[in-house]
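Have a look at the structure that comes next, please.
As written, the chain order gives the labels A, B, C, D, E and F, with residue 1 at the start of each chain.
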Amino acid sequence: LMLIFWELTSLVSFLLISFWTHKQDARRGARMALAVTGGGGLALFAGILLIGHIVGSYELDDVLAAGDLIKAHALYPVALTLVLLGAFTKSAQFPFHFWLPHAMQAPTPVSAYLHSATMVKAGIFLMARLYPALAGTEQWFYMVSFTGMATLLLGAYVAMFKHDLKGLLAYSTVSHLGLITLLFGMGTKLAAVAGVFHVINHATFKASLFMAAGIIDHETGTRDMRRINGLWRFMPHTATLAMVAASSMAGVPLLNGFLSKEMFFAESLQLNLPGLWAWLPPVVATLAGIFAVAYSARFIHDVFFNGKPVDLPIYPPHEPPRYMKIPVEILVFACVMVGIFPAFSVGPLLYAAASATLGGDVPDYHLSVTHGFNLPLLMSFMAFFGGLLMYSQRQRFFDFHARFREIDEKAVFEAVVSRITAWAHALTGRIENGSLQRYALLLVVSIVAVAAAPLFDLGLFVGSRGLTPVDWPTGLAAAALMLCALATARFHRDRFYALILLSVVGLIVALAFARFSAPDLAMTQLSVEVVTIVLLMLSLYYMPSWTPLATSTPKRIRDIVIALVAGTGMTLVTLAMLTQPFTSISEFFLANSKTGGGGTNVVNVILVDFRGFDTLGEITVLAIAALGIYAMLKDTALTPPPGDGMGHAWSRDAYPVLLRQIARPMLPLALMVSVYIFLRGHNQPGGGFIAGLITSVALLLQYIASGMVWTQDRVPFKYHNVIGLGLLFAVIAGAGSLAFGYPFLTSSFGYITWPVVGKFEVASAMIFDLGVYLTVIGATLLALVSIGRLSPHSAIKSRREDV
Amino acid sequence: MLDRLRFPQPWLSLILFITWQLLSDQVSAGSLVLGFVLAWAIPQMTGGFWPERPAFIKSWRMPGYLLRVLTDIVVASFQVARLIVSGRQPRPAFVSYPLQLEHPLAISILASTISLTPGTVSADISDDNKTLLVHALDAETDQEVIDAIRTRYEKPLLEMFQ
Amino acid sequence: MNHWLTAPILIPLLGGILQVFMGYAPLSLRRTLALTTTVLMLVAAVVLLVLANDGSYRFYAFGNWQPPFGIVLVLDRLAALMLILTAILGLFCHLFAVGGADAGNRQFHALFLFQLMGLNIAFLTGDLFNLFVAFEVLLIASYGLLMHGGGTARTVPGLHYVVLNLVGSAVFLISVGMIYSVTGTLNMADLALKVPQITGENLSIVKAGGMMLLVVFALKAAIIPLCFWLPKAYARATAPVAALFAVMTKVGIYAILRVYLLVFGDDAGALANLGMDWLFPLALVTLAMGVIGALGADNLKTLVAWQVIISVGTLLAPVALGSVAGTSAALFYLLSTTWTVAGLFLVADLIASQRGSAADKIVTAPIMRHRTFLSVLFLIGAVAAVGLPPLGGFFAKLLILQSVSPGPEMAWLWSSILIGSFFSVIAYSRAGSIVFWRTVEGHINEPPTLGGSVSVAAGALVAQSLVLVVLAGPVSSYTDATAAQLHNPAGYLQALGTPMVTEDN
Amino acid sequence: MITTVLYITTGMVTLAALLNVYRLFRGPDAPDRILALDTLYINAIALIILLGLILDTRLYLPSALLIAVMGFVGTVAMAKYLKRGSVIE
Amino acid sequence: MNPIAEYVICALLLLGGVFTLVGAIGLARLPDFFTRLHGPTKATTLGVGAIMLSSVIFFSTRNEGIGISEILITVFLFMTAPVSANILAKAAMHLRVKSSDNTRGQPWEQ
Amino acid sequence: MELVFALVIGTLTSAGVYLLLRARTFPVVVGLTLISYGVNLFLFGTGRLATGAEPVLRHGATYTDPIPQALVLTAIVIGFAMTAFVVVLSLRNLADNDDDHVDGHQSAPTTEVEHNREIPGQ
């Protein structure tokens, strides 16, 4: 749960920083802050999950109790690094410190609250809370303390050279956070107490300084210390408050800053690092102290003294209204109180916080104004004078500092992000280049690759059923089919020729279906074949009549190889499959077709009864395809090429006499045939699909022979409605059984005997087949007539009434 | 009203009736009744698609004409077969045949007959339906082709359609 | 044998047929009828959800034929989950479409309803070939919907989408053929019984068939390397269509879950967990590709389109690992990401409509109207999509991360998901800040006013991530039960024993 | 006796079909190819009838009838494309 | 199956086969398109007609009713063959397909 | 017989796949049709090859498996609907982008590759 609020804070800070949206660097700062803290949050998220995994529960007290279990666990180092990553990014430790100063763009109250007191402290708070669970190991010591040291030094050093008031305070915050982290890193109980103590102190004086900076900004209109000088005269009261707070920051005795800094110095001495390293922490501490004093001195002197203010936007600055100063006064008063009577004022609070952190056993420590004259006191004096000395020589330090190019982290971050996005854009552009060739290639290759392994160990396999001999007409027909298929691929550039070859292939496939005892299939294939030819001819009119060579030769060879591999794969599988023994659920259908379905043509009974739902889906596909085609071509304008690309213009005569005359009788005859095939469908090869296709072809012949307008006037119905009616019939045929409590699509059939005619069968499946019949007609004609309407001549005339 | 119910196109209904018997393979009571119903119903629906119906006068002569055409087809096939088998170079010719028939259906029947019967294919009909372009496979003189068509086919059709 | 099972199929079918007849009726009438159909479908989905929640399987044999001979519908928790997901998504997309996107094509609502019908058949059918027919129904409807709307921008990606799926359908048929040639049956329960007993050369035939089927579902789910058609196709589709398509990729994943846990599950003998070892690395690479794509996106719709691919990767990784917890986490994430992505598509469209010529391009542009409202929607959507707390996306990712047991997979899974989220934070924050904040003075010609229905639809879909947080408890317990049910297919096999309706009862 | 004759006839018709395919490949112009295709359709009718005779079943007759009707419309569509371009206008 | 019917069927079958083959040979060997047009319209059509007739007799003499739907197929063929020949010829003339040199007369300009 | 059947399916698939990978919509559509022929034959083959065993009930006959025939019939009709849609879509593509390129570089200026385009047909 804690994690949620953790992420929430990073989110809120993102919004707040970017409060002043119009300023460009505010946005960038905000994004950077979100990215770093967000990223850290995710690492913490993983860390906590890991710990939860090790301990087995996420309850805080279980985790704290299982401290040694965690430390001993193999995943401990990973978990620790992740958690620390989260803590360091949140509390702006080195190397993740760069986002904090830029968060300063946020309006004053935000930065005061957010960046000095609480949010940034969350990282520290996290370390404090998990201290008993994670601290104490070598890894904890090295990672935490060294990071702390680095941040401490870096923050303090850079703070010195920041001309912006808030910049200085920001980097000083970074430095102090480093200090606290270092304290926690030391591993001793006392250091932890010191850490907690400094957290409290830092919060107080830093908040007051931020508010002071806010007041100065409010009063003078700027925060550039080079222009703000000698404010003492203008706002003595605020000045004094600020100076006290600043000196507490510097660690001047009698103020809270001094106490925790002194404890810090004491702890840095206790660290018993092996050999030479022993000297490192105290030296670093003092150095940091020097820097701290230096920038505090700068804050006091450069702002309130140091001559006249230079072209302030608001001049003369004067004391801010009373209400603005009250919070600063309270905080400064607290600094002084803690400084003078530490045990009395902050003792109990410190004790409670420390015990929470250390899980109860708080070492005895002594809070007093001074601990007498000892080495830490000496170190703070050295820091004090060193700092003043450094400040006085600040000019030389400024030149020294100026030599480093001022790196603006925001610009770096933005550059990195835009380079990533540019790279990503380029990469996606290259991979997803919008070439169907490539996508199709990827798809085919993946299919072949996936099927290669099993087919490879299948190899050329002939099952136990063995091969049956080939009678030579079938062999010749197969050879012709293969020849034409390869010729289609070879001559696909001459489009008309390719289509003729394609029709030959289709014809032989239909013959193959007849040859291997599938009359229904043969008829369906033939009908669909012809309607496809008409469809392709309709569209070829608008296409250039041949395809220029577009792909380079090596690519074509590659495609040929892939095609051959795919082909051999299919051959191997088919051979193996055809020769394997086979038992299937087909006995049921053969047995129940007559008794249960009421028809002897088992394939048709399966289509309209046993698996009627498939057919319902199928005619819906037909209907949708037609509607989609109609919608796509509705207001598309296509200008056909003047001739057939071989140098002949299109001839004027559209409707030859002989064709028109033959079309007249063909329609009724064809209708007779389709009624015949429809009625016999249930018991003999035939059925709704084939009958529907025959009627469609008969009507198509009228369109071809006499043209769109002539035929359209004679067709009384709209094809949309035919499709709708067809689907409706199919659904009604299926739903009829619901009335009797039977499942959807249950068919019923009976026999009626009339005096003259004798016995004939009436089946609900007949209505279903009628639905199929109507949908096929409606869909086929709507699709093909929509293409027909594209042609310039009919487009104009038929604007009036729609199909 | 009644006659509309009767047979708008009597010949077409008859052909359809016979077709239905052919389709259902055996002439049973059921096929007769259904054949009758369909033969009546379908012309109603497709009436519009056959606007300029010819006025048959002597339609009973049609079977005789068909029989003649059939025998000629058989004869023609043997002639063409002999020509193809002999490998002799044929002497093809385009012949423009002046038509005397007016009705488009009559012209179509004539053109079909020409295509089906010996050595000739009707390649095209002029826009004004006045002349018929015939391609003869192997003919000495154009006039020979024209006379054969005139006497054997156009005359009976003229009688039927005039 | 409960007729309610056919409701999610018959309602859109009848609604669609009605729309076909009423092509020329006034638009407002057609819209109300279409919307009532979608609402009815939602009611049916809820009823089925309640029914399925008792953990038992319900079967419905079409034509009263005993499975495995006839086609059977199977209602279990997974099916009910997908139905409710599609019904809610469909309702809001439809609400958005009614706001104006359905102009220009009289048959838009028919296509929309048929699309929903196709989806519902796919989720309910218990027959492999019927699954193929269901795929064809929803594919052809999606082709029509993808091409809906004027303009020439969507033709080329549409063509890619159609051709690739045609190849996919051909391969689907080949796989069904291969499997049928050995097992001799099409009913999935029957297949689950027969697959373990396959021996000898038949094994390699069915293995090849099974793997090719996986490629088909991978194409549907847009797993790398078969995902590159998706960004342009979804980015260029009209908004409600793109939003509805958010569930299209999930159909592929549903199919993988259904077929590969039932037929090629743990106890499938030599063919157990077919292809799952391929799936895990591919899922992670898909995730990475999605993130790269999102980073490189130059407009919001492309960004959201790549987010679809990211969610596919994130979704498939735990499924591929095959643990019950993983599947449950994946299902939870499936709910959250589908609605979120759909919502983002709608929001992106609203933004595009408000920014004049700049549309949804991630460039500087004059300030848009309704900026605060839209930016809040975008923020919620982005946070949910990336998986930052406190929204649904976070919980989903949390569940996924927890579902994996320590080991190399855990390392890979965690790093890719977390790093992926990190970069998507960057991508979304960059896009959001540029679109909403990097503004320049200038005038946008009269942006259309935000219609009520349009903003409600977009808002609702985005708001679901909040709802998911509140209902996290019950939803995750439902997904746990679903995952448990999926992982022991014994219940499903009762399909073969479905009682037939005889004269007496 | 009939069966042997049937096989001989089937052989002859198959050879005829092959010759058609030859013409289809060689045919210098498109009309030659359509003519070859149309004849192929007619040969297919013969083959189907012969198949029915060999198998002694009448199930394939409607298929033959279908080829007769459909083949014609296909040829007309192709020829009209060659001449007029737009098949339906 | 009485012997007379058998002989008639065999004769018709052989006749049909020969004619179909001759039609195809004509198509293959004749010099130009227009001459080739004659082959199929006559020979092949008659060939298929003969096979159709043999099928009629074959099925009618098997005492299960008469099999006459083949006749319809022949009728359709005889109706459609000339039309397809006509429209093919028109297309060829439109494309100015050259007829062999010793052809008297010229095709019309389309 | 089975070997010939398998070779036919293999050839159809190879020709279809080659055409599928071409750079224009027309060959792609033709390729898809060839592939669907191959697939339909394959699906039909799963019921194993049989001569004269039509699944139409008549006394004293053996029957082949009717299921694949029903499936193929459905596949043919669906295939037709899909082919019609993809053909019309390529027409729409022609209308919108007035060239039928599908290999990414829309109507690029005629590259040197296209200069040596063969004479069609021969």
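Details
The criterion applied here is as follows: a contact is a pair of C-beta atoms (placed from the backbone, for glycine too) under 8 Å apart; a residue touches a chain by one contact, two chains touch by 3 or more.
Keep in mind that this is a model prediction, so the values were computed, not measured.
The chains touching subunit A as well as subunit E are B, D.
The fewest steps needed to get from subunit B to subunit F, moving only between touching chains, is 2.
When every chain is reduced to the mean of its CA atoms, the largest separation from subunit B belongs to A.
For chain pairs A-F and D-F, the one joined by more C-beta pairs in contact is A-F. Inter-chain centre distance (subunit B to subunit E, centres taken as mean C-alpha positions): 16 Å.
Note: centroid distance subunit C to subunit F, computed from Cα atoms, is 29 Å. Separation between the centroids of subunit C and subunit E, computed from CA atoms only, is 58 Å.
Residues of subunit B in contact with at least two other chains: 19, 23, 25, 111-112, 122, 125.
Those residues of subunit A in touch with two or more other chains are numbered 434, 436, 438, 440, 444, 497, 499, 515, 519, 570, 573, 577, 582, 584-586, 589, 611, 614, 618, 621, 624-625, 628, 632, 651, 653, 656, 658-659, 662, 665-666, 669, 673, 676, 684-685, 784, 787. Within subunit E, residues 18, 25, 37, 39, 45, 67, 69, 72, 76, 79-83, 86-87, 90, 94-95, 110 each touch two or more of the remaining chains.
Here, these are the chain pairs in contact: A-B, A-C, A-D, A-E, A-F, B-E, C-F, D-E, D-F.
Put simply, subunit A touches subunit E in their complex at residues 646, 648, 651, 653, 656, 658-659, 662, 665-666, 669. Put simply, subunit C touches subunit A in their complex at residues 1, 3, 6, 10, 13-14, 16-17, 20-21, 23, 60-65, 68-71, 105-108, 110-111, 114, 117-118, 121, 129-130, 133-134, 136-137, 140-141, 143-144, 147-148, 156-157, 159-160, 163-164, 167-168, 171, 174, 177-178, 180-182, 184-185, 190, 201-205, 207-208, 211-212, 214-215, 218-219, 225-226, 228-229, 231-232, 275, 278, 289, 292-298, 306, 383, 388-390, 394, 398, 401-402, 406, 414, 418, 421-423, 425-427, 429-430, 433, 436-439, 501. Those residues of subunit A that touch subunit D in the shared complex are 472-473, 476-477, 480, 483-484, 487, 496-497, 499-501, 503-504, 507, 510-511, 514-515, 519, 522-523, 526-527, 529-530, 533-534, 537-538, 540-541, 640, 644, 650-651, 653-654, 659, 666, 670, 673, 676-677, 684-686, 690, 694, 697-698, 700-701, 703-705, 707-708, 784-785, 787-788, 791, 793-794. Those residues of subunit F that touch subunit C in the complex are listed here as 20, 25, 28, 32, 35-36, 39-40, 42-43, 45-46, 67-68, 71, 74-75, 78, 81-82, 85-86, 89-90, 92-93, 96-97, 102, 106.
Those residues of subunit D lying in contact with subunit A across their complex are 10-11, 14, 17-18, 21, 24-25, 30, 33-34, 37, 40-41, 44, 47-48, 51, 59-60, 62-63, 65-67, 69-71, 73-74, 76-78, 80-89.
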